[in-house]
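Chain nomenclature is as follows: A, B, C and D, assigned in order of appearance, with residue numbering initiated at 1 for each chain independently.
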Amino acid sequence: MTKGRLEAFSDGVIAILITILVLELKVPHGTDLESLRPMLPTFLTYVLSFVYLGIYWNNHHHLLHATGGVTGGILWANLHLLFWLSLIPFTTAWMGENHFAAVPTAAYGVVLFAAAIGYLILEIAIIAHQGKDSKLREAVGREWKGKVSVACYLAGIALAFENHWISHGLYVFVALLWLIPDRRIESKLRE
Amino acid sequence: MTKGRLEAFSDGVIAILITILVLELKVPHGTDLESLRPMLPTFLTYVLSFVYLGIYWNNHHHLLHATGGVTGGILWANLHLLFWLSLIPFTTAWMGENHFAAVPTAAYGVVLFAAAIGYLILEIAIIAHQGKDSKLREAVGREWKGKVSVACYLAGIALAFENHWISHGLYVFVALLWLIPDRRIESKLRE
Amino acid sequence: MTKGRLEAFSDGVIAILITILVLELKVPHGTDLESLRPMLPTFLTYVLSFVYLGIYWNNHHHLLHATGGVTGGILWANLHLLFWLSLIPFTTAWMGENHFAAVPTAAYGVVLFAAAIGYLILEIAIIAHQGKDSKLREAVGREWKGKVSVACYLAGIALAFENHWISHGLYVFVALLWLIPDRRIESKLRE
Amino acid sequence: MTKGRLEAFSDGVIAILITILVLELKVPHGTDLESLRPMLPTFLTYVLSFVYLGIYWNNHHHLLHATGGVTGGILWANLHLLFWLSLIPFTTAWMGENHFAAVPTAAYGVVLFAAAIGYLILEIAIIAHQGKDSKLREAVGREWKGKVSVACYLAGIALAFENHWISHGLYVFVALLWLIPDRRIESKLRE
C-alpha cells in the first residue's frame, strides 16, 4: 500500500519533469525554416533528456516491482534520486542554449552522475531491507551497466573541457545502453 | 499491475500537457475587449490542441484497455508516442503566435503526423504481444480513420505553403472525425 | 475501472491547475514589505481561484462517486468541464494584474459561468446514462445552489462594467456557498 | 475509496510543487563556472524547500495512513494545508533571488509557520472524526517536534530582522528534525 503511493508520487514527479522539459523549447521569433535552425542543439538535448527520464522511469519501475515494503530509508533514498532527476531540465536548458559549451556539458554529466549514485543508494536501501536472501542483491551484483554508466559520466565530465563532442557521444552511448530494460531483474524474479 | 502504472504515467503526462497549453495564453497588456482580439488565433489553436490531446487520451485509454501485459517494447512505444505529444504545446504556441503562418502551420501538422505514427507503432507493439489471435488486430485491421488522418496531416503539411486555411480545415476535420470514441475496439471486446 | 482512470485524469488536471496558479505570483523586485503591497490584488485572486478549483475538485469527486460506468458522452462532457477550468489561471492572472479592471473582472465571471454550464452538462450526461431511476436526478433536481451560482455569475459579468466591487462580492459569495460539500448527493446515496 | 482519491490529489499537488521549484532555477547567462556562483543562494534555498516538501509528503502519508474515512472537514483542512504548501515556490524564489534579505527570509518562515498550523488543523480534523478512542490523538498528544518547529519558525521570523543567518539556521534545524519519519504513529498503529 505504502509502496503504491511511493510509485504514484515518483511517477508524478517524473511525468512532470519529462513535460517541464518542453517548456525550455522557447518558441522561435521567425516563421521560416531558418528560424528553427538555432533551436537544433536545444532540441537534441531535449530528446536526450526525454530518453534519460524515460529510462529512469522504466528502471525505477522494475526496481520497485522487486521491492516488498517501504521503510523510511527507502522513502528518502527515493526522494534523493528524484532531487537529482529534477535538476535535469535545468542542465538540459543550460547546455542546449549554449551550443554545448564546456562547463554546461560537464554540468549535465555531473547531474547524470549524481542521479546514477542516487539510484545506487536506492538499490542499497532496498537490498538492506530485504535482508540476506535478497534476490535483488544477486541480480544487481552482476550488474555491469551501472558501473559502465558511472565511468562514462566521469569521463564525459572530464573530457568536456578537452572536446565536448566526446562527452556528448558518451552521454548518448549510455542512453542507448539502457534503452533495453533491465531483464536481469525480470528473469530473476520469474524463477 | 505494470499496465496500471503505464496508464497512470501516460495519464500524468497527458494531463500535464493539456494544462501546460494554457501557459502559452499570455495575459494581454490592455484591459479592454480590444486587447483580447490579438489573442484569438492563439486561443483557437489552444482549443484545437486541447481537443487533440483529449482524443489521444481517450483512444489511448481504449487501446490499453484491450491490452493484457506490458513488454519493454510496449513501454518504449508508449514513451515514443508521449514524446511527440509533448511537442504539441510548442507547435501550438508557434502557430498561434504567428497568426497561422505557413511554416508553423506545417510544423503543427508534422507533430500530429508523427504522433499518429507513434500511435500506430504502439498498436503494432501491442498486437505483436497478443499474438495470432489478437482481437485488437481484427479491430484495427478495418480501421479507416487512422489512414484518413495520416493522409489529411500530410495534405495539411504540403498545402500550408499554398493556402494555410486548407491545412487548418484539415486539422479541424480530423479532430471532428475522432471526437467519436473508437467504438470498434469496445464492441469487439464486448463479444 | 474506466471510471478510476477518468477520476485520476481529472484529479491530475485539477491538481496541476491549482499549482499552476502560483506561477502567476511573480516574485517582487524589492525586498521590503512595501514591495508586497502591489501583489495584494493578485494574491487575493489567487486565493479565490484556489478555493474555486478546490470546490470543483470536491464536487466532481461527489458527482463521479454517484456514477456507475463511463460512456463516451460522459468522457467528453468531463473534458469540456476541464477545458473551462483550465482557463481559470489565465483569467485569474488577467484580473489580478490589472487591479480588478472591468473587462478582466467580467472575463473571470464568463469562465466561471462556462465552467458551471460544463458541470451541468456533465451531470446531465451522467443522469442520461443512469436512466429513469437515476438517484442523481432526484438529488440534483432539488438543486438550488447551481441556479443561484449561475445567476450570480451573470450578474457579476453585467455589473463589472458598473461597479466591479459588486462582481467580486458575488464571486466570493458563490465560493462561500459551495464551501459546504454537496451533502444532498451523499445523503441520497446513503439511503 | 474517497481516501485514496484524497491521497492521489495531495500527491499530485506536492509532486507538482516539488518540480515547479526547479522552474525558479533560471538558466545562467554565462557558460563558465563563475556564472554558477550567483546561483548558489537560490540553489541552497531550492534544496531546503525540496526537503521541506519531501517531509510534508512523508508525514502526510503517515497521517492519512492512520485515517479511516474522509469527511468534508478533513477534505478542506487538507486543501488548506496544500494552499500554504503551494506558496513555498514563491517564497523560495523571493528569498533565493535576494540573497536571503530580511523580509523575504521572514516571509519564508511565515509560509512554513502557516503550513505547520495547516498540518495541525488537519490532525485535529482527523482526530475529531475518529472520536474518543482515536489512536492518532494519543500518538500526537506526546508530540514535541511540532511544537518545537512552530517555536523555531516564529523565532526565525522575528530574528530575520536582526540576523537572518540565525533564521536560516533555524529553518535548516527544523528540516533536519523532521527528516526522521514520524515513528510514533507507525509504532502506535502496529500495536
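Quick note on the criterion: contacts are C-beta pairs under 8 Å (C-beta built on N, C-alpha and C of every residue); 3 or more make two chains touch, one makes a residue touch a chain.
Quick caveat, the model's predicted, so the values are computed rather than measured.
Visitor: Same residues or different residues: which describes how subunit A and subunit B meet, taking over half shared numbers as same?
Guide: different
Visitor: State the chain with the largest centre-to-centre distance from subunit D, centres being mean CA positions.
Guide: B
Visitor: Taking the mean of the C-alpha atoms as each chain's centre, how many Å separate subunit B from subunit C?
Guide: 27
Visitor: Rounded to a whole Å, what is the gap between the Cα centroids of subunit A and subunit C?
Guide: One centre to the other, that is 38 Å.
Visitor: Which residue numbers or ranges of subunit D touch two or more of the other chains?
Guide: 8, 12, 16, 23
Visitor: Looking at which chains touch which, would you call it a line, ring, star, complete or other?
Guide: Its topology is that of a ring.
Visitor: Which of the residues in subunit A come into contact with subunit D in the complex?
Guide: 1-2, 5, 8-9, 12-13, 16-17, 20, 23, 72, 75-76, 79, 82-83, 86-87, 89-90, 93-94, 97-98, 101-104, 107
Visitor: Under the touch definition given earlier, write down the residues of subunit B that touch subunit C in their complex.
Guide: 7-8, 11-12, 14-16, 18-19, 21-23, 25, 27-28, 31-33, 35-36, 47, 50, 54, 57-58, 61, 65, 179-181, 183
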